[in-house]
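In what follows, structures are represented as structure tokens.
In what follows, subunit A forms one complex with subunit B and a second complex with subunit C.
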Partner chain A sequence: MADATVPAPPASQGWQSARRRAFALGLAPSLIVLLAITLVPAAALLVASFTPLSLTDPAGTFHFRDPLGNYRHLLEDARFLGSIATQLKLSAASVALQLAVGLGLALLLNGPSRVLGAARGAFLIPMVLPPIVVALIWKIMFTPDVSPLHRALDAIGWPVRSVIANPDTALWAIAFADTWQWFPFTMLMVLAALQMMPADPIEAASLDGADRWQLFRYIVFPHIRPVLVVCGLFRLIDSFKAFPLIFVLTDGGPGTVTEVTNYYGFIQAFNFSYWGYASAIAMVILAGVFTLSWLVGRLGWNDHDKR
Partner chain B sequence: MTSADTALPAHPLEAAPVAQHRAPRRASFVRRHGRAIAALALLAVVMFPFLWLVHLAFKPAADLFEDSLLFTPTLDGFRALLQGNFLRSFLNSLAVSTLSTGLSLAIGVPAAYALTRWRFPGRRHVALWILVTRMAPPIAFTIPFFLAYRWLGLQDTILGLALVYLTFNLAIVIWLMQTFFEAVPTALEEAAYIDGCGVWQAFWRITLPLAAPGVAATAVLCFIFAWNDFFYALILTRTQAVTAPVAIVNFLQYEGWEWSKIAAGGTLVMLPVVVFTVLVRKYLVRGLTAGGVKD
Partner chain C sequence: MTQRRHLLQAATGIGASLLLPGLASAQTGGARRFQGVTLNVSTFSAAYPKLLQQWLPEFEAQTGARVNFDAPSFPVYNQRADLELSTKGAAYDVVNVTFIYSSRWINSGWLTPLDEFIANPQLTAADWDVNDFLSGARAPETGRDGKLYGIPWTAEALLSVSSRFDLVQQAGLEFPDTTDDLVKVLRAVNKKERVAGFVSDSHYGWTFVPYLHAFGGDVFRKAPDDLFPTLDTPEAIAAADYYAQLIREFGPDGAVTYQPDQVTQALKLGRVNFSDAGQLHLAQLGDAATSRTLKTVKFGFVPKGPAGRFPGTAVHGLGIPAGSRNKEAAWAFIQWALSRQTTRRAVAAGYGSPSRRSDIDSAEFRSRQRINGSDLAQLSLDTITQAERTGHMKYRTVSVYPQVDQQLNKAIALIATGQANARQAMQQAQAQSIAELRRAGQKI
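Let's look at the complex of A and B:
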């Protein structure tokens, strides 16, 4: 690696240590700030999760008589356990849909034509839109009296009641909107992988008479599979943070059918002011996310650092 | 592979991929046409909800429940919006996003440079830790930040919000700028050292100007991430520092369903993002998929 070679030093030893000192100085502010804004809050969260801290008496409830009380309570809290099931359903559905749609579009758009190139850019729009705007867009689409879709269905004599007010469909409506927002991520990653694919195996296989499906199944797909796995994990991690869509579309309802763990934690903290309990919920989510991040790391999404 | 190859992979928006390699079996004009038509049809389907929101913003309130696309565009929705408190929150968004971007760059760019050029033991762990902070769920940060801000008096302030955004933007800067710095040849810096420059002098005079497009792209990305935030702003602001995304939801809740105002607000909020996306599309892609593709 070119940049691993150390520059020819004017005066070797002193220069080397001066250089190290300079770099350490450049790195230090970031590490200090990151320590202060990530590790310190994480530690505070952990401590808070051992207390019955709540808004009504923040000082008085800061004791450790029963440190695992919140966690014990979590195991008996049907609403919390339900929120995990909801989370898993939503995550599984939206990640699967995003991988499928993103992969399909990447394969469709992967060509040298100028139209396809322009379309590749336009398909990115949902991903960069402010999430709150995405939520507004789907609030409009899912609200019968203002939605063009509902009115069109009405016009052909097939009225459909609001999918976000219906307990059977609300979660799927959210998964659908989430997919609309995030399929470009998979699309981009797969397109990038397709571009880095060497041409030879494909040429060789087509000369050997492989058809399009065989080319895809035995050559293209194995090449992009690692990207799909990493992509799925990235989206899975992000799916635990789903918030604006749920906040605007359903507010966790109807009942609690769209109340994911993240949302339940939010309600416990900022509606009910049960800080200690909400901290325990956040710790559980944090543990899940870190496990997944570790998995992503293991799968080596960042090789150029290892070399 | 040289580092220049790995640091700058061809990015997905610039063509030249697989279909070309199938040249022996020359794709017919019709078939290529068919793909383009399918792509445009799908694009129309995907863009429809988005375009519907934009068109509602210009539709007179009286026509709102008509499906007809024939109407005289009006700016009433925007006017009503800007007469209220929305302008204030829009400016708050601008201030918070700019401040957060500036802070992230000021702290993160030197760190990224150090991580690129300085091969110290444990470097990989530091880089990984920085990236993982970005993965942490906001709920985990908001509870401690909310409590700390009440104590520090940073609640409902622009500075407070900009500081919280460092939790994700600092990681983005450090991570992304590494790929840009890796693309700058070290030979130029070595020449500067020999001429008597110190490490940071060489960085400031040689490397940073060469990486300027990367800095600009990173800045835009930070701005967008801060601009797009809803969760932190919802919890950490009240009246003074309310940002535009929160303001929209507030009038959605407290003023009933005024669709043209909602649509106008949504359109205004996404405007900067869409403009920036067009401007730095190429780099944006690299930022959004940073570290995601094995090379």
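Let's look at the complex of A and C:
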């Protein structure tokens, strides 16, 4: 009898609810799998970072007697702290160079000509090469014994010392090679933004007497700024993965001048088998990348949304 | 493709059973005993494994086993094997027991002792003779329990070379015997005819240590029992200063980045005069087709210092992981891969670093190792014998050496590139080695 007092839901509301339930049930298996394959390894990394896990004694070292021990040791590890400074220098240099070169070339190549189209295609080549191939190309270029570049410079009476063996230039050599591979990404993104830009504001500003710099400063740049921020963010995140270049070109040296944090983590895990310690390093990198991404997001594209 | 493989197996099988009668008769059940077994073999890429890969159809025809042979680069192999062995997994049936990891892998119980296989006449041919392998090469493949865990396929010695000894002779000097002589010679010949004086493989944890020992220093207080690092002693600092100065003062451009193959190439082309390198690399200077320094090269021992002469050696062997599910077949493979017949055949094919005494003493090997008047085989043999006698190579097979090895690499590079003086670099290496060893749970 009580049922008779409850008003029946409108037909459309019942259908909506059934639809939502069907979606949820349909998506649940995929979501569970997705969560499992993304979150479980990360959770395993986090758990391992609380243990002194070493491959030489996996059973004996997988315990939680001093869960923050690895993190405490990291704070006292001069080589780890040095690797963070190296990482920041490399990231700043390579991201700045990639944005500058990519933006410059995009502005130069923005046009309908066939020649420009061909040039755009040619500039994309480094980006599609596998990282290890890029590393080998630059290993050859930077090795005086076999480098055509060194030989050419030598032949014209301008010999250049090995840049990867010199502690003052080794990190710049890595940043240069990284820029060579990845400036096309910025170029491509900026070109796409430029080609979607409406012509009217530029025509109007030209009629008002704006010069080329003013056109760029007040019309073009505000239009492509969000794209540049996205490019910067992507490249910043990727700059933490400049592993093959360092592995092949310098092995973290000379000394430790090119030893970035993930390379140091790699050494701890795969050369020394300290998986717990390496996991803690990986967690610090993860936290660092998240923080930087958030900061860049705050500084950059959100402004565009607010307007 | 499968048909071709079967045909090849059948054809080679007839020849193989003639070549390797001992192996066939030693296996209970006779020929093709391991029909249906798939063996997964992994080593790093090197001359001997490459020869084995060519001859695999013979083993397959003889035993019926099928072999997957994987040979990645040295660092990739070591990382992969380290991970796999630590889990005691069954992915591999035969692995290379890498010299620098041998203590860790053996004493952690990750490998199978081979003594019982060797002692069993049902499993091992009577003429196989484990004692024919150099005892100095078997030592690093032996565990604390005295059991043998790997059969050596290479026994390499670190030797000294002058690729342009003619320049030394023109200066009226002899092949340097001591660390002082070396500097004197280098000062006389450096940059003569645009030839740099000295370079070494940038793996200084291998190339520098003979100098560390020669100056009276050591890596640990007393390996393998007392593993307290001793990198900041006055002797160690003096040795590091000496060695880094060789690279800095006499090295070619980019000297701190040189890899072993680059060193060999520079010596063959006569771009660099002196180096210390493994015998396997140095033997390539005797190749008339590619070496421009064949007529000017001279080899010798690494120089002795105030404390004496302590040359380096390196050994690699084949072993069976503890987790292998095909141990008898794996042993059959190792037995075949390192039988007298196979090793002799490898020597005939030009292999330059055998571990069987009978191969080293063979006329064929001896004549090929005599290069421009130097007897490379004898120098190598004497080096390995000396290392066994003094035990100074024990530092290299302790479980924590990879950690200290890398500190040495960094320290020498820091000094050679002027980023730190010898005292600062070695004190830093000492402090970081202690931290790494504590992380490994060492009581020091």
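Heads up, the rule we're going with is that the second predicted complex is superposed on the first by the 258 of 307 C-alpha atoms of A that agree within 3 Å, B and C clash if a C-alpha of one lies under 4 Å from a C-alpha of the other, contacts with A are read in each partner's own complex, and residues count from 1 in each chain.
We take it that a contact is a pair of C-beta atoms (placed from the backbone, for glycine too) under 8 Å apart; a residue touches a chain by one contact, two chains touch by 3 or more.
Being a predicted model, the structure only gives us computed values, none of them experimental.
In the superposed model, A:Ser113 makes contact with subunit B only, not with subunit C. Applying the stated contact rule after C-alpha superposition, one finds that A:Asp208 touches neither subunit B nor subunit C. Looking at the shared chain after the overlay, A:Gly253 reaches subunit C, while subunit B stays out of its contact range.
If you count the residues of subunit A touched by subunit B and by subunit C, you find the higher number for B.
In the superposition on chain A, A:Asp145 makes contact with both subunit B and subunit C.
When the two complexes are overlaid on their common chain A, residue A:Asn271 makes contact with subunit C while staying clear of subunit B.
Subunit A residues 58, 143, 145, 270 lie at the interface with subunit B in one structure and with subunit C in the other. Of all the residues in subunit B, the ones that touch subunit A in their complex are 2-4, 6-7, 9-22, 24-25, 32, 35-36, 38-40, 42-43, 46-47, 49-50, 52-53, 56, 64-65, 67, 107-108, 110-111, 113-120, 124, 126-133, 135-148, 163-164, 166-167, 170-171, 174, 182, 185-186, 189-190, 193-194, 196, 198-200, 224, 227-228, 230-231, 234-235, 245, 248-249, 252, 257, 259, 262-263, 265-266, 269-270, 273-274, 277, 281, 284-285, 288-289, 291-295.
Residue ranges on subunit C touching subunit A, taken from their complex, read 79, 82-83, 86-87, 104, 108, 202, 252-257, 262, 265-266, 271, 399, 402-403, 406, 409-410, 413-414, 416-420, 432, 435-436, 439-441. Taken together, the subunit A residues at the contact with subunit B in this complex read 1-5, 7-10, 15, 18-20, 22-24, 26-27, 29-31, 33-34, 37-38, 40-42, 44-45, 48, 58, 105, 108-113, 115-117, 119-133, 136-138, 140-141, 143, 145-146, 148, 151-152, 180, 185, 188-189, 191-197, 199, 202-203, 206-207, 220, 226-227, 230-231, 234, 237, 240-241, 243-244, 247-248, 262, 265-266, 269-270, 275, 278-279, 281-283, 285-286, 289-290, 292-293, 297, 300-307.
Per the touch definition, subunit A reaches subunit C in the complex via residues 52, 54-58, 61, 73, 77-79, 143-145, 161-162, 164-167, 250-251, 253-257, 267, 270-274, 277.
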